[in-house]
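Per-chain residue numbering starts at 1, and chain names A, B, C, D and E are given in the order in which the chains are listed.
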Amino acid sequence: MSKPKFAMYWSGSCGGCEIAVLNIGEKILDVDSHFDVAFWPVAVDAKVKDVEALPDGDILLTLWNGSIRNEENEHMAHLLRRKSQLLVAFGSCATEGCIPGLANLSPLGEIFETAYHTISTDNPQGIHPQPVTQVPEGEITIPALKDRVYTLAQVVDVDYTMPGCPPESHQIAAVIDLVIQVLEGKAQLPPKGSVIGAGGSTVCEECPRKRNVKTIKAFRRIQDVAPADPELCLLEQGIPCNGPATRSGCDARCPRVGAQCIGCYGPAEGVLDYGARLITAFASVIDATEPQEIERILDGIPDPTGQFYRFNLADSLFKAGSAALKK
Amino acid sequence: MPQTDIQPFRTALIQEEDLSLLEEVSMKTAGVSHLEMCIQCGSCGGSCPPAEEMDHTPRMLFAMLRAGMRDAVLQSNTPWICVSCYHCVVRCPQNVHITDVMYTLKSMAIREKKYRDATAPEFSETFVDMVEKYGRSFEFGLATRHYLKHAPLRLVSMSTMGLGMLTKGRMSITPKKIKGMPQLKAILDKAKELELTS
Amino acid sequence: MSDYLFYPGCSMESSAKAYYDSLMEIAEPLGINLKEIEDWNCCGATEYVGINLIPAYSLIARNLALAAKMKNGTKTVVAPCSACYLNLAKADYYMAERPALGEKVNQALEAGGLHYDPGTLDIRHILDIIINDIGLDVLKAKVVKPLKGLRVAPYLGCMVPRPDYYHRWSDPEHPIELVEVLKAIGAEVIDFPRATTCCGGHMTQIGPETAYELIRRLISSAEKYKADIMVTVCPMCQMNIDAYQSETNRYFGTHYHMPIVFFTQLIGLALGFPPEKLGFGTEITSTKAALARIGVEIPEPVEEGAPRRKKEEGLPMPPRLLKNVKGKPRNTEEAEQ
Amino acid sequence: MSETFEPVIIGFTCNWCSYRAADLAGTARMKYAPNVRLIRLMCSGRLDPTFVMKALASGADGVLITGCHPGECHYIEQNYKALRRYLLLRRVLKGMGIAPERVKLVWASAAEGLKLAQEINTFVEEIRALGPLGWNRKLAGNGHALEQPAMEVTA
Amino acid sequence: MSAESGSKKPRVGVYVCHCGTNISHTVDVEQVREWAEKTLGAEGVVIARDYKFMCSSLGQELIEKDIKELGLERVVVAACSPHLHELTFRGASKRAGLNPYLTELASIREQVSWVHTDKAVATEKAKAVVAGAVERVIKNEPLEEIRVPIHPDTLVVGGGIAGIQAALEIANAGFKVYLVEREPSIGGHMAQFDKTFPTLDCAACILTPRMFEAGTHPNIELLTWSEVTHVAGYVGNFTVTVKKKPRYVNTDLCTGCGICVEKCPKKVVDDVYEAGLGYRKVVYTPFAQAVPKYPVIDAPNCTYFQKGTCKACEKFCPTNAIDFTQKEEYVTIQVGNIILATGYDLFDARRVSNYGYGRLANVFTSIEFERMSNAAGPTGGNIVLRDGKTQPKTVGIIHCVGSRDKNYNNYCSSICCMQSLKFAHLVKERTGATVYEFYIDMRTPMKAYDEFYQRVLEEGTLFVRGKVAQVTNAARNEREEGKLIIQVEDTLAGKQRRIPVDMVILSIGMEPRHDAKETSHLFGVGCSSDGWFIEKHPKLDPVSTMTEGVMIAGCATGPKDIPASVAQGAAAAARVLNKIMQKEVVLEPIKASIDQEKCSGCRICNGLCPFNAILFHEDRMVSEINPALCQGCGTCVAACPAGAISGTGFSNEQILAQIDGLLMDVNLAV
């Protein structure tokens, strides 16, 4: 009998998610034993035309990692949506834009400028890529960039989202187990639209550090707090830790080892704008009533936009900075 | 000296009702006059040091403005007696810019030639001529020219004092002139074309 | 040394030379650095506004515009003459209170390539500077020859404490600033009931009878309080009371002799400057007798309303108020100290 | 932009002060610009930055936040919390390239109907001067590459 | 607006009120109605109506009928401010069987028709406001009102005539009252007066019986020489902390014999009761009929407290009641309602420097004169000059001192005219002096007041209509020498007058208590920029405040005479009794709650609640909200980084939806 088909695709992202999948160790064998890998550019050799050839909905499960940065990403998103029964936005790029999403703060022109025409780039002929180029052999094309970075859900209908940069391997394993159990009729799929492979609360829930009523007189970069109290809540030490607003599921990896949470698991359940939660959280712990004093304390967060939207910008209410949007 | 046959303050009948008068005066006054706010309490009339010389107390003038008694108001000597001591202004419970209203009434009386004694208006005009000529006031010129015209006899009696001022170096017989006269002239000429309309 | 933009005003170079000279003497020791506004013009006194509003305010505003151009470091313009002080201050205030006026005046100024935004400058009187910027302590410290025994009538006149749109003074009718300064230089200051009543202003020119009566009131009550000398901050007041005193005497058949000088002249004496450098001797009503008095004791006069604490019999008096501001009733015991 | 740009502004009011100030302005028939649409909260402390972002992202050109004067909060001190969030929010907006002046916090007590009316007029003019934000239109782009823009941030 | 997609939208009814012409004259009501039905149909609006007066019984029945017949699940009434009619329409829904909290008011009168002029623009704004309300109401949840029992005890703050009256009314109805007064005795300003206008009956004679009754009433607990320092809780359940200042007299032992006062060697000026005109001992009872009778030691002035010696009072006290070791103590009381009758301060006459008070000895204030004319006062009722002996031959009485004057207070102090007339009468009666009254306008509106004016006219008092310009001692001629000269314009004669007199009485106005702002914060009541407390409604609810359970009475809300203050005291008491009889109050069910599953225990909210409603469970590492303490401000809701806190009545969903609604037109344009 033929096994259900599995696919995984990599669009605008770093590839860390693919590594994370491989990180699950021998579990990967279960995948192989329960699925036919129909399409997984990193792992197996298959062509897009093969996918196009499949009947719609022929693929049971597709893990999509990466943001929608260009027209090819968009095209593939629509294709795999058509061919898959379950499309999972896998990892921070697909779910909320992640680091690539920060490109939404800059206009495209600038991005090209920096990428091709600054000192850090060795580009003697000053090549500037064009969507369409005429060569003797004929016309060659490369996918044009979209006006901004989109999340998968902003382009196609998504069944499940799995946050994390990358998703924790043990979470991936758990999800795979679940799907297998469902195949064996031992379990039910969670309702469509659910977040899988993560907790329902925020990082603090899993964080072992002691916490009290918080009042901050100054925000300080972690390297300026020497040595940070290993027991005490980092935020209480004035270190801008995103834990309070970031979805649980990573087992508070960073705070455990003394690094502040930077928020890769995105917003908690039902939150409309991740950054807004951090704005009120941080503002709430400031211990001052005089505007000047408050401003002084806020100076301790040099780049608030970056601090609060490092991963979530593309999925925030604004979705981008005005520079990228100006028409 | 201009003649007007109407002398309303001699009769108990109001013969003129120019109901836009109050607003007109208010508009032509520096700052926000608050003239319409007057509650006729009389703190101005009570405060006025030279009240005994006046035809009307300021309060009464404001009532007459409301009643639109244009000629009567502009003929009144009250604004010309005002010594700009600002007692009434600081005591007025309604913050009426009384002193400035007096200035406005003077300028209106001059423009409409309604004043009944030319001494004061012409003193002011002489002073202004000096300033427009030199950019500075010129007491000697002012005094001599003024007394010659209006109080030749007094000039004699004053001469002792004037002499004192001269000998003590407190009055110079030659005017000082500022460098920027052309500039000042340009400014004043332009200013004379302008009117407060709002 | 604190820097100020300086607007002397016309009379300072003529009728009020004594004011100018004495001010120039005491400025240095008091640490006041006066930078004269280049090519300033007359402020129009109380005459120009009575003829034509916009030109009058444009005339004043030219000075403000010139001053504004010079302001670096300081935005304070100091005027010693009451009328000048008031005109400059009023122009600044009204141009803001009545934007229509501001516009028109600036239209006129443009014709001379100038512009002034109300609020750019602080217009202040020299007395205000001495008491609030320099301070009584500094002044006291500089005194070498306290004016012990000289009974002075502090005479502020009208246009400094009133209308006082910027609330710079302790009270519009009985302010304490001049009193404090004169006490600081050791003079005996009388509770002068007419400290801020009118000297007749320009009425000496156009309606002398009116003016003489006002002058009489002042001199007579100064004399009633046994003042040796009157002290003023205003050229017009000084001129009227000094120069028109004989006229006044002639008119009423009286024989008053009440000299009047500028407060800067007395400060000069207290700081040890020789009288001639301070413009003494230029007054019409001689100060010789008065100055000779310095050092001689004079019996306590009967003053009304002696402070409560001293007075056990009869009914107590409320304490005096220091600054006229809204607040808790009976809030100023310190007024006593 | 055309001189007749009529900004749309969302105003958040506190049930105890500014909302009553608005009522007072009404009963006193004070006239003010019609560009502001008010939302009642129980307290300025209820103001979630999300609301402001939502309003701006959904097409508002400005957001006016009003609360009780410092020290006069009906809930003792919650308006201070609103103040802190507001100050941080402005920094974030600036980072997004949105003029922070598009969001303004003013205090107005229940007795200050006139003040509220004046503040509204002033703010409407300030936003008029800044011009339209039109974020909803910006987001509704066709999704294709666009030419070089300029940032909006004003200092 | 896809939030609702899938699940079917609730059926909404929209009702647009004309409010006579109040709304319809600037808003095209029909257009709004039509638009609501068409455009908002997609949002779930099934019916939209307009009506002349929605708040009328017919208007309400209209809504009830539709709820029943059309099965409406939500109601939006576009009319006036919710502060006026929210309850009305919630009531209507309730009668028709719809949960009252599924009804929203859209304020298109206060926020649209009354403040805008251009009809087209106003109509568009009205639509936006309605759209906002519709989107919001869709997200409303059915709520149950919270009922809490009312504590039957009452706190009355201020022991003046208004406070005493209020206390007696409640006490006589059989309920307990705490009467707090910061001075050593109750009685207030009225206790300082001699006669009261217009009847001229003696203030003490009519006041002291009331004071005594209050002092001995079994249901009244007097807390004099005390101040309220903290108020917590809400209507029906206030917890109040009162600071009792040390009297240094043990009231259990003191018999009020007064020997300590007699023996005390030190005299100081009495700034309070004697208005600075007389002296009192350092250990003192403010006046003979003081209630309670116990004296107080004025520590800052007491020789013992300064130098450590004296103790005369202690030596002579027959019952050893003097106790120098007393410290201030704090008592906490539980009350259901509070009445603020904190009264007024007098205007500081020294500020009107041109009247010379404080500089010219024989210028007196009205309160000084009250004490002077009082038989128990410092002069034994003799009207004399500051020297304490000379009787004045001419007296000038000046009205409106510090009142009706933009330089001081804009308002009319309302009692000055009558009090001045009273003074004129007393001066004449006691000295036969010539009396001048200087007034701007004579205001004698209440019962028998103008008759009193007539009487004073008859007595030959000379009235001058004019605001006095100055009072000076600078004489211009012999006639004026040694006198006070009142310079004024006689506005009826149109001439300036200088009137020499021996004595001047300044009829000084009333001002809010200097600490009125603090008091208003303490009790959470509104305070105008002047400083007077704000009534819930100036005409229809003058003794209530915006804060349920806190009433106001007497001059704390503005200048009043004695009859008005007494009436207000009684009215406030009636309000309180009405609440007590209801036994319980209904509270808005606006509360925050924490989803225990979502809470990460980060504790960020813990520091935010001034009512300490948020507690942290160390064991479960989650925070929880005590609904009884929660006041519903929503600050924690807005602060929770995990979005774990939600607030009823003002949920995120409701507000976000309202934003969508308000901006509907903007987005339709895109």
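Simple rule for what comes next: contacts are C-beta pairs under 8 Å (C-beta built on N, C-alpha and C of every residue); 3 or more make two chains touch, one makes a residue touch a chain.
Given the structure is predicted, the values throughout are model-derived calculations rather than measurements.
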Graph separation of subunit A and subunit C (steps between touching chains): 2
Count of contact steps on the shortest path from subunit B to subunit D: 2
Both-way neighbours, i.e. chains that touch subunit D and touch subunit A: E
Chain whose average C-alpha position is farthest from subunit E's own: A
Furthest chain, CA centroid comparison against subunit C: A
Where subunit D and subunit E are represented by their mean Cα positions, the distance between them in whole Å: 32
Gap in Å, rounded to a whole number, between the CA centres of subunit E and subunit A: 57
CA centroid of subunit C to CA centroid of subunit D, Å: 49
Geometric centre distance via CA averages, subunit C-subunit B, whole Å: 23
Where subunit A touches two or more other chains, by residue: 272, 277, 280, 284
Residues of subunit E whose C-beta touches two or more other chains: 354, 470, 608, 638-639, 652, 656
Where subunit C touches two or more other chains at once, by residue number: 172-173, 197
Interchain pairs in contact, sorted by label: A-D, A-E, B-C, B-E, C-E, D-E
For the subunit D and subunit E complex, residues of the former touching the latter: 8, 10, 16, 19-20, 22-23, 25-27, 29-32, 34, 37-43, 45-48, 50-51, 54-55, 58-60, 71-72, 74-78, 81, 85, 109-112, 117, 136-137, 140
Subunit A residues touching subunit E - in the complex, by the definition given at the top: 200-205, 211-215, 233, 235, 243-245, 248, 267-272, 277-278, 280-281, 284-285
Subunit C partner contacts - residues on subunit B that touch it in the complex: 28-32, 49-50, 53, 79-81, 83-87, 89-90, 99-100, 102-104, 106-107, 110, 119-121, 123-125, 127-128, 131, 135-137, 139, 143, 146, 150, 154, 157-158, 160-161, 164-165, 168-172, 176, 178-180, 183-184, 186-192, 194-198
Residue ranges of subunit E touching subunit B (in the complex, touch as defined): 354, 400, 404-407, 440, 465-470, 487-491, 494-497
Footprint of subunit C on subunit E - complex, ascending: 269, 271, 276-279, 345-348, 350-351, 353-354, 357-361, 372, 378-379, 384, 386-389, 408, 470, 472-476, 511, 514
